[in-house]
Structures are given as structure tokens and as C-alpha cells.
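Pasting a structure below so you can have a look.
Chains: A, B, C and D, in written order; residue numbering restarts at 1 for each.
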Amino acid sequence: MSFNTFGKMFRFTTWGESHGPAIGCVVDGCPPNIALSQKDIQIDMNRRRPGKSKFTSQRKESDKVEILSGVFQGKTTGTPISMIIYNTDARSRDYESIKDKFRPGHADYTYFKKYGIRDYRGGGRQSARETASRVAAGAIAKKVLQNKIGKKFKVIGAVIQLGLLGCNVKNWKDKEIQKNPFFCPDKSVIKLWEKYLLGVRKSGSSCGAMIEIRASGIPIGLGAPIYSKLDADIAAALMSINAVKGVNIGSGMYSALLSGLENSDEIRRKGKKTLFQSNNAGGILGGISSGQDIIASFAVKPTSSILLNRKTINKKGKNTEISVKGRHDPCVGIRAVPIGEAMMNCVLLDHYLMNKAQCK
Amino acid sequence: MSFNTFGKMFRFTTWGESHGPAIGCVVDGCPPNIALSQKDIQIDMNRRRPGKSKFTSQRKESDKVEILSGVFQGKTTGTPISMIIYNTDARSRDYESIKDKFRPGHADYTYFKKYGIRDYRGGGRQSARETASRVAAGAIAKKVLQNKIGKKFKVIGAVIQLGLLGCNVKNWKDKEIQKNPFFCPDKSVIKLWEKYLLGVRKSGSSCGAMIEIRASGIPIGLGAPIYSKLDADIAAALMSINAVKGVNIGSGMYSALLSGLENSDEIRRKGKKTLFQSNNAGGILGGISSGQDIIASFAVKPTSSILLNRKTINKKGKNTEISVKGRHDPCVGIRAVPIGEAMMNCVLLDHYLMNKAQCK
Amino acid sequence: MSFNTFGKMFRFTTWGESHGPAIGCVVDGCPPNIALSQKDIQIDMNRRRPGKSKFTSQRKESDKVEILSGVFQGKTTGTPISMIIYNTDARSRDYESIKDKFRPGHADYTYFKKYGIRDYRGGGRQSARETASRVAAGAIAKKVLQNKIGKKFKVIGAVIQLGLLGCNVKNWKDKEIQKNPFFCPDKSVIKLWEKYLLGVRKSGSSCGAMIEIRASGIPIGLGAPIYSKLDADIAAALMSINAVKGVNIGSGMYSALLSGLENSDEIRRKGKKTLFQSNNAGGILGGISSGQDIIASFAVKPTSSILLNRKTINKKGKNTEISVKGRHDPCVGIRAVPIGEAMMNCVLLDHYLMNKAQCK
Amino acid sequence: MSFNTFGKMFRFTTWGESHGPAIGCVVDGCPPNIALSQKDIQIDMNRRRPGKSKFTSQRKESDKVEILSGVFQGKTTGTPISMIIYNTDARSRDYESIKDKFRPGHADYTYFKKYGIRDYRGGGRQSARETASRVAAGAIAKKVLQNKIGKKFKVIGAVIQLGLLGCNVKNWKDKEIQKNPFFCPDKSVIKLWEKYLLGVRKSGSSCGAMIEIRASGIPIGLGAPIYSKLDADIAAALMSINAVKGVNIGSGMYSALLSGLENSDEIRRKGKKTLFQSNNAGGILGGISSGQDIIASFAVKPTSSILLNRKTINKKGKNTEISVKGRHDPCVGIRAVPIGEAMMNCVLLDHYLMNKAQCK
């Protein structure tokens, strides 16, 4: 990972600003001879794109991805796969009023102080629009993993906490997730969440969220000591998503409260299967996958662009106030689900390839 | 970060097993002409080493570090600094009984499955003994940052939750931390913690902990989009520490529960100073340091080696039980404080140098 | 350097196939606030592009580069600069006849054997067309170096050997180079070269070339021990150019023939200037720039696509023959001059930034 | 490759100064379960070490390597292999007289200017003593490749030009190389070389050399576009060796003089074998191994430390003269043979693993 490139063996580099002509992604190190079409990628792009419900930004981006290289006659060639997504509904006017003010909670201030220049339109490079590129990369990683591991491989994410409202994770149903606009896995809370989020939006404020990503069918042995631990790379991957402030693996922060007796997952053998009796470890021991489901969760802070007045300063260092217009998600965490899945897919493929190199 | 190497510009590579002849560390990319002595490093080594109180492992390691290269006439030369720490009190006998069994909660199973071979003595490479090398690297990073940034620079950590018991973070006193065996910053809870931990040990079990690391005096502008965000690198650094399962930046997981109004830190100007009105962001906006204190916390799971019986399997795949003898910390989280500080120092210096390269 | 990415701090990733819709390049780690326009890049693109004289391929590519990100209001922002160059004159028909045959001297055979699939049209990813992307990256590196170092900074290359014909390097005139279609620095040989190359082309064969790149105004101290030596990185950079088979630094291979007395460059001080009495070292000692001109040269093998019949095999492993139609340079080495300059610029900027990080 | 670390998947980091307590090497990413003993490494160490004949430095170093980690019960464990070699015959006195003078042809001047400090004793980090660490790493790489590829795998190097004297490469006999102190493959010239080198030494000067490295039994498909080409990595690897100024792959610089008809290696099929009719490509096409022998050669400049007087300046910038005492090789190129082999082994294994990751 360096600057705008993620990964070691399966690597992708993203580029582009929110209101520039386009954004995009170059995927490198992809295994050859994997069937790949534009459609394979578009499906996930559509899951992330804004404007699909009243609970997300009304910016209308088709997020149509074009493949420019690396695929020949429907198959990957092992050379870089370049993808481009044109920005079609950028309204830079919306941002004129804030070009000299730093929005609290955003990276306006730090970008300006670091670089001495910033593309303020729509947040420029800091915009969550960059995450569309990740979803494109993740879709390719998923395709490769499906090809290599087979049908048992699956990565799926869901929102498990919407602001102050949780859900019952034991009610998690994969199928339910795509049926509601919140990526919520628990049918029983959806009505409540809907009402709650409408209230949040009406108040002119916003709320945070917690997302859980589950990966199943993962081979034992992915990950490597000491600074390429699978969980360390997942943590970096998830923390690199805009607005993410915390990452848990398995029991996560909660494991601090457990006793040694409760926490360590006992192991049993049943026929030819190794079965863990619990999964506090989130499927990772010593940085290496154990064959259990990999469970990671992360917190997305509430959208910082809100209609309410906030104190801030301007470029000249004067005190001022700001309330952000434009089109914003009342809860950016919702659309983080396909992004979290994408990052998980990329980390898993990266480690799959590294493990293949060293150990298989 | 790749395998056993951490960092981009300031890089260190660690090596060694718990019961091998020695462990060590090679620091590369260190700026030249920085005063550095063995003592500078030993101070931090002593803070981490076991056997200092009844609340940590009774393994008696002097953890004396020797510098083998990269320092000439008391100053760094810009070439690799190699450090070695001999293992002097390894009792491999203790581990004979478990060489064919996988300890639950440890990486025994995953290492064996991944590599087909493992040095079972004291956990081999998976042992937390590796973290001594990190502390050595971190001590050098700290020295360099003190030289470059000056006296205002400070990184300090503390245990803020010991198993089920918290402390009042508002009572945090830096000086208090070194006065008690728990690295606890809040004097008022120490007696309680002591009693609690003795109870845990007596029960033959163990407990987890939460550690908070605070960095002050950090220049604005450290960190880089998108996959070298300062918080993403901190997350990876902390998650790479043995037994860590969760990482928070600022309000962390808790930020999911905040409203947009509560969460974004308002900005004010007072004279020549920019002052944030709160620090939910933990000093990082868009992956770049804002000049506020950087606050990160992490959870350490309870020690997996406990005296109580646990179900597991052996190398042949047979069901069996295990209770771990040997000398273990009732709470490994305690000694994680200097390790967390070391990782923070390394990440900060790494980004300090990268920012200098691109932007200064 | 990894797969399709070059550089450590100043990094670029290229993508695209000869007959795909476009090729391109993402430049990352570029310092902010550097004035940069499309024109700055186009100038160098035009020096490399084919179809300009009867001595280069007649493929007519305008090689118009578009900047898609990373530049705002005429200045770099420190975020990735994505550039795209559309392929406009690809004639894939020309390649139908060879899609199942491996052209000797080309990478057809090795790509097919490695990946099991290849885009045979125009050589796909193996095509020298990829080098257009390098020239775009190099133009940016040059702009930054001019900004940081000032007017004394200069990188210029020339063809010093065309097939069997050399030139007198002592006659080298920078201005002369752009006046002739051979990038020849010695006016006195141009007519001879012209006649010679027409003969080569007429014969249906091709010839090789040697190119020398000179960099002046380079600060002392660029480069780093041991595996980031400036000359090691220059060697990799030049050897990565298509058809390059040898690289010399300073006296290069010839230094094997010198005595110690002849070879080591004596040093003198004149006023405030350090003056070397010769430059066998090519401006690099111990992998670090000495302040002298950096001199590197490289050999480009003759174009492998020739009109004459060559023995080869096909995909099925049958013996066959091939003579390559299509539009080819009689000497690919000629157009390698701006490419060599570009790579030199990129390596120098990369090391400039790394030196700034560690030592300034 | 970064600073003192070489490689992508199979990585090694070297450290240590010529007259410090020790030098060493950490090998990371090594496949597990490969039989490895100290002896395996010592054999190659002995081939490189000085003091074995009157034609090399009289410094008497046993170069005994110790393995400190990463090997358990005679097999690699997949964790870092740390090796240490103590310096036993350093005579720093010899260097007192030159501590303030810059030896021409050495890196004294550039190290001092870059870092502002240098360990002048024996050249410190710039010393060719560092290459002992590479030989240790290369010995491990060789062991792994022998295990993975089998008996047909072989890397062997020889001196093919000693100063002004060449040899007949067609007389190359592998067995001959170890029988003479010059690593010369052609029996017929040894007497001549001996007489010549004695003359060189007697004159107080030194001479250069050319070394050729041949690798056979290499699978098709090693190497990767575009900036990880096998030949680009070999070029960097060889150019990173002290005193190397030029690198050729196959016909190398000479290929500039060939016609397209002569240069491209025709391909034939005979039974189940693909046979190239010549090997101008040096076994690499488009950066990828073709299955032919890989042939690389490099030039080592003459030893810069000579007994004769040379003009130079001192640390204060005053003109002065220097003649170097101490113990030096009349031709450092001779001992470069096992070093070149070591680097070739490391590059090949690195690419073997990368190819396994992406393509197998």
C-alpha cells in the first residue's frame, strides 16, 4: 500500500476527483484467463451508486464502468485492467459557496494545509466518490476468488447498527440484505430504521452506522507474519474507507471484556472436519485464516455535511459559520456496505496469491 | 509493509523466535546524524520486558539490546541499524507437552496448517516476544521525531480498561502511568484493578484490556490519500500487535452512535492558533493529521494460555484437552502499552518523512 | 517497481494495449503546486510519436494526451494524475495472419506460455506503444525537477550508434539532436546515417542502436545504499524499455578494460567548486550522485519485425515460417531517445524526493 | 527493492559495516519446509571470501555464517531467516590516514556529502564486504530453487575478461571454473592471466573484469510486464553490486551492431521440445524467460584503492593527494563471480514465486 495504490500481489491504483471529468482504477497482478465482463463489475457498481432511494444522496450517477485494457475476448490477460467511470452529474456550483471555508469533519482543512492547494469541488479527491473505483476493483477480485475457490466462497456485508438503533445479528439473513434500502440483515427492524432515518434527515443532521462483513469458504493459511497479517491488512483496508473510525475483527473491542476462558475458541474434530466451538477470533489466529468465517466490522461516522450551522474558519484564518447545501446522504454508512465487501475481496485475493507464492 | 517488514520510508524488519538464540530488528531509512545510544533504546525495552511485577510473566529476560551497525561515534549514519536481543531465559521444556497440540486462541493451528512446520517452543515466531523488536525500532523513531519536531512532540499510552473494569479518562495523568504496574493513567482505580487482577490470576483464567495511545505536537499534514492514510496505517500497525482485535481512531466505534451535529469537530481561530472544539476525529481528517492530538485505542484479547482445561485437537486430528503451564501474563494487554507507543512512533516518523518528500 | 508500476515515491502505473481503445498512465506521489498543462506533456509526446519521418513507423498516431485528474487550475494537487491517450490508427487486420504464429525476437511466445492467453493485435501489452505512457510520466517528472532544481537541470539523449555506424561523441551538440530525424548529436555523420538506414530498410531487415542519456545540474546525494542505488535504478529503468539489451553507466562495459590508474576520477577543488578530472563513473559513486553529469547509455536491439522470412512455430507447436507485414520502424532505437530521457527524469525525481525525505 | 532490502516476494535485507562488529542479512518470504543447514550456505561463503589466493585481498575473514532464526529441526519454517557474520580481521588503523580524505573512485565523497557523516573505517557500509550477505541470501535462494525445479536447475558464473585479456567463451567448461583462482572457464588462458595479473599488482595499479552468469533449467514464464521484467530486475541486481558499471543480457550492447536478420532467435520444434536456433536474447523475451539459458554479463571496474598517488580533496575542501595502503584485491572483479551468481539466484526465485502467485 502506497499513496493511491492498494495491495501487494493483487494491486489496484485509483485516481480522480468528485467533479473532474472521470474517476478510475487500474488493477494490476490479476491472474490471467479469468472470464470477466463489464456486467460482472456493473452489478456491484449499481449496489453502491447514489440516488437509488430517498435515503441516499440524490446525485444521479449512472456509474457506468468501461474496461479499457487487460481483457481480451472476454478473459483477463494478466496485464493491467484499466477502468474508467465518467462523472456525469457533478454540480460544482453547489460548492462555490464553500470554496474558501473548511467544512468541519471533512478533510478540507488538512488537504489545504498539506498541499497548499485543493480541488474544493465536491471534496475533490477526498470525496467518497473515490470508493466507486474500489468497488470496481473488488468486483474483479471476487470474480477471481470465485474461479479459484469455487462456489463455497462468499463475501457479504450488512449494516448492523444505524445510528442509535441496532439490529439482532442472530436474525441475519443474507437474502434480506438486498431487499431493503439499508442493507439491513434483520427484517424485524426495518420499519423502525426507516422511521428513524427519516427523522434524522428531517432534523437536518445525520447519523453513523456499523457495518459487518462476513467472508465464508476461505481457505486456511491466508495471511502472513508479522506485518502482513490478514487482520492487519483488513484493518488498513477498512480504515482507508472515507469516514471509517473503528475496525473490529471477530469480537473486536468487546474482547477486552472477555475472560480467557470465554474468549479462546475451542477446537473439535468431527469426521474430517475441524470445528471451532465459537468465533471470537473472527476467523483469524496469529494473522492467518483458520478456515472459520472471517468476520470484520467497522464504524462509519455520521455524514459531516449537514444542513445545520457549524462553526469553522476560512482560508484566511477568520472565524465563520457554515451549513452545507448540496446533495448528501443522511447516513453515508449505508452505501459503505458494497465498499467494505470490495475491500475484503481485494485483501483476500491479495493474500490468496501471496500464500500461493510462498506456501502452496 | 510486507511480511516481516513495516513502513515505507522508515522501515524495520524483525526476526527471531521466542526460544531461538536471539531476536532482532533491522531499521532502514533512518535519517543520519541523529544522536543515538544503546541507552536510548534500553529505556523503552525495560518498560516492556517481563518479570517486573507479579502481574506479568515471570520469564526473566534482561532484554538487553545491542546495536550492531548504522551508528558511528554516537550518531546514526543513514545506513541500516541492526539490533540484537539474546534470549536468555527460554525454558523450552515447558512446551514439550504441547508440541503436538494446538492451543486454542493461539496461532498454533494456523501456522501448522499454513507452513506444514512450526517452531512450537514458546510459540516460536507467533510469540509476543517479537514485540521487543518493535519497541527497539520505536525508540529510534522517537529519537528522530524528538530531533526533528522538538520538545512538544510526545507519544504516551495507558491501559484504560482492564477486563471488566474501566477508569475515568478525564483523570488521565501522564506521570501516574509509570507509577503503577498497570500503566493506568487514573490513580483512583489502581487498588481496585490490583484486587481484580489478582482474582483473575487466582482463578486460572485471564482478562483483556484496552489501551489508548496519545500523540501530541504532531505537525499538520502527515498522512496521504488514499491507501496511505495516517489512520489506515495506524490501524494496521496496532492490529499487527499480537492479540489485538480492534482499533479505534478518536471516537472510533462509538462514532456510529453520534449525530452529525455531535460528531464533527468545530473549528475556531484564536490569535494565531487554530483550535478544534472537540476531538472526535482523533486528530485525523481525511487520513491527514490536523494538528490536534492523535488519539488511537485498541483492544487486546485475554491471554489465551490459561491454567484451565480447554478442548482442542492434536496434529493427528484427534480430539484432546489442554491446560497451559509455563509462565504467562494474566493480562497481556498491560505490556502492550510500550508496544503501542512504539508502533505509533514508527508510523508517525514514516509519514513525517513521506510528507517531507512530497510536500515540504 | 512492481508489475506495471515504476518508482518508490514518485510512482507511475501504465496500462493499455497497442490495439485496445486507449493506453494510459497514472502518476502518483507528485509534489503539489507545480504548474502543469497538457502542453507541457504533449511536447515530449510529439518527439516520440511515430509517423514523423520516413525512418519511423508509418502508423499515424496523434498521441494526444488528456489529463483526467490531479491538476486543478493549472497546478498539480498532490493527488494522482491520470492521463489517457486514445489509439486512433490501429489496424488490427495486419495482425490476423500472425495471431497463431510466434514472431521470433518478440514476446509472443513467452506471453502465450506464461499467461495462456494474449492479445496478439499489434503485440498487445508487449508493444512499444506502452512507452508513450512513460513519456507522459517523464514529462511531469521533468516539470517538477525544473521547478525544484532550477534552470541548470537538464536531461538530454541522443543516438550515438546506428547499427554499424557510430558518431563522434566529442562533436555532441544538444541543438543538433532535434534537427535531424535520428536524434544524432553529431552533424558530420547524418548524411551517412541517412544513406545507411535507407539501405537497411530497402533490404527488408533492420538495425540496432545505442542511445546515450546525459543529465546535468543534478544535486549531490541522490541515490541510496544498497538496493536503491541510483545506477541500479537507472539500469532497471532503461532495461525495462522494450528491446533494450544492455545498459552502461559512465564507461560502462568498457571500464573492464581500464586500469585503476585510468579509471578512478581524480578530484580537485577550484574556488568553491569541486571538479572531477574525468567522468568514468558517469556521475555516480557508490550508487549516489556526485554532482558530475550523469551519463547512461543503452543498446536497443534491431526491430524484430522484418520483411524477410524467419523460421518459427505456431500455437500448436508446428514448424512454420513468418515474415512480418504491418508498419514498423527500421530502427526502433531512434524513437527510444525520448523514452530514455523520460525514464531518467522519473528515476531522478524519485531519488530527489527520497533524498529529501531522509537527508535534507 | 528499497534501500537495503532486495526483492518482492523473496526479500532480503542486509546490514553492517566493514569494520563494525558484524554484518548480516535477514531473508524473508522463504518457502517453508526446505532443508537448510549452515553448511549449505558456508560453501558459497567460502567461494567469495578473501585471502584464499595471492590474487585477492589478504584480509583473513573466515566469513563463518550463523543462522539465528527461521530454521527449525533442519528445515525452513517460512519465517525470517536471520544470519550473522562476525568481522574478525578488521584493521581500522589502516584507515586512520584516510579518514579525512576522499579516495577517488570510492563513495567516500558522495556518502559524506549525502549523510554528513560516514564510517570511514574500511569504507563502512560502502565496502564490498556487504556482498558477503548477498552470497548468504543467494545460497538460500539456490536451495529453494533446487528443491522446486530439480536437478536441471543450475546457475554458474565465470570471469570472461580480465582487464585487457579475454578468453574464448566457446571453451567454457563449468568444471574448470573452480580449478583456478580466477573463476576462468577457459583453461587455455589461465597462465596468461596469471602473469598479467601479477604484473598489474606489481605496478601498484589494478584492473577490471567482465563476469558472465548462466542460468539453465529455468521454467518458461518467469518475469512480468512492464517494470518487473526479468531482465530489468537482473540489471538492477547486478548493477547494485559494488563497482559494477555495465550489464548485458544475451548479446547486450553488442546487439546494437546486429541486423534484424541476425539478431532474432529463430524457433524450431523437435519432437516435444521447442528449440531456439541461437540465443541473442539471453533467454528473455519481453521480460519473460523463454526456457533458453539465461545469460547475463556485467563489467566490474578496476579496484579504486591503488598504491599509486592520486589527486583528491579532503573534508575541508583542500586539494591533496592519496595513495591507499591496506589490503586490496588487484582485481575486485574476480570475487564478484559468486556474488553475481547469488544475485541471479535471488532474482530467479523472486520471479519464480511471483509467477506461481499470478499464473500457476
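Keep in mind that, in the parts below, a contact is a pair of C-beta atoms (placed from the backbone, for glycine too) under 8 Å apart; a residue touches a chain by one contact, two chains touch by 3 or more.
Keep in mind the model is a prediction, meaning the values are calculated, not measured.
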Contact-richer chain pair [A-B vs A-D]: A-B
In terms of CA centroid distance, which chain is the most far removed from subunit B? C
With touch defined as above, tell me whether subunit B and subunit D contact each other through largely the same residue numbers, more than half shared, or through different ones. same
So, what's the distance in Å between the C-alpha centres of subunit D and subunit A? 46
Just curious, how far off is subunit D from subunit B if you go by their C-alpha centres, in Å? 39
Could you work out how far the Cα centre of subunit A sits from that of subunit B, in whole Å? 26
Per-residue multi-chain contacts in subunit D, two or more chains: 2-5, 14, 29, 32, 78-79, 114-116, 125, 225, 359
Subunit B-facing residues of subunit D, complex: 2-5, 11, 13-17, 20-24, 26, 28-29, 32-33, 68-70, 72-73, 75-82, 84, 114-119, 124-125
What part of subunit D is in contact with subunit C in the complex they form? 1-6, 8, 14, 102-107, 109-111, 113-116, 125-126, 130, 161, 163-164, 200, 205-210, 220-221, 223-229, 231-240, 242, 245-269, 274, 277, 280-282, 284-291, 299-306, 308, 310-313, 317-319, 333, 355, 359
Considering only the defined contacts, which subunit C positions touch subunit B in the complex? 9, 29-32, 78-79, 225, 353-354, 356-360
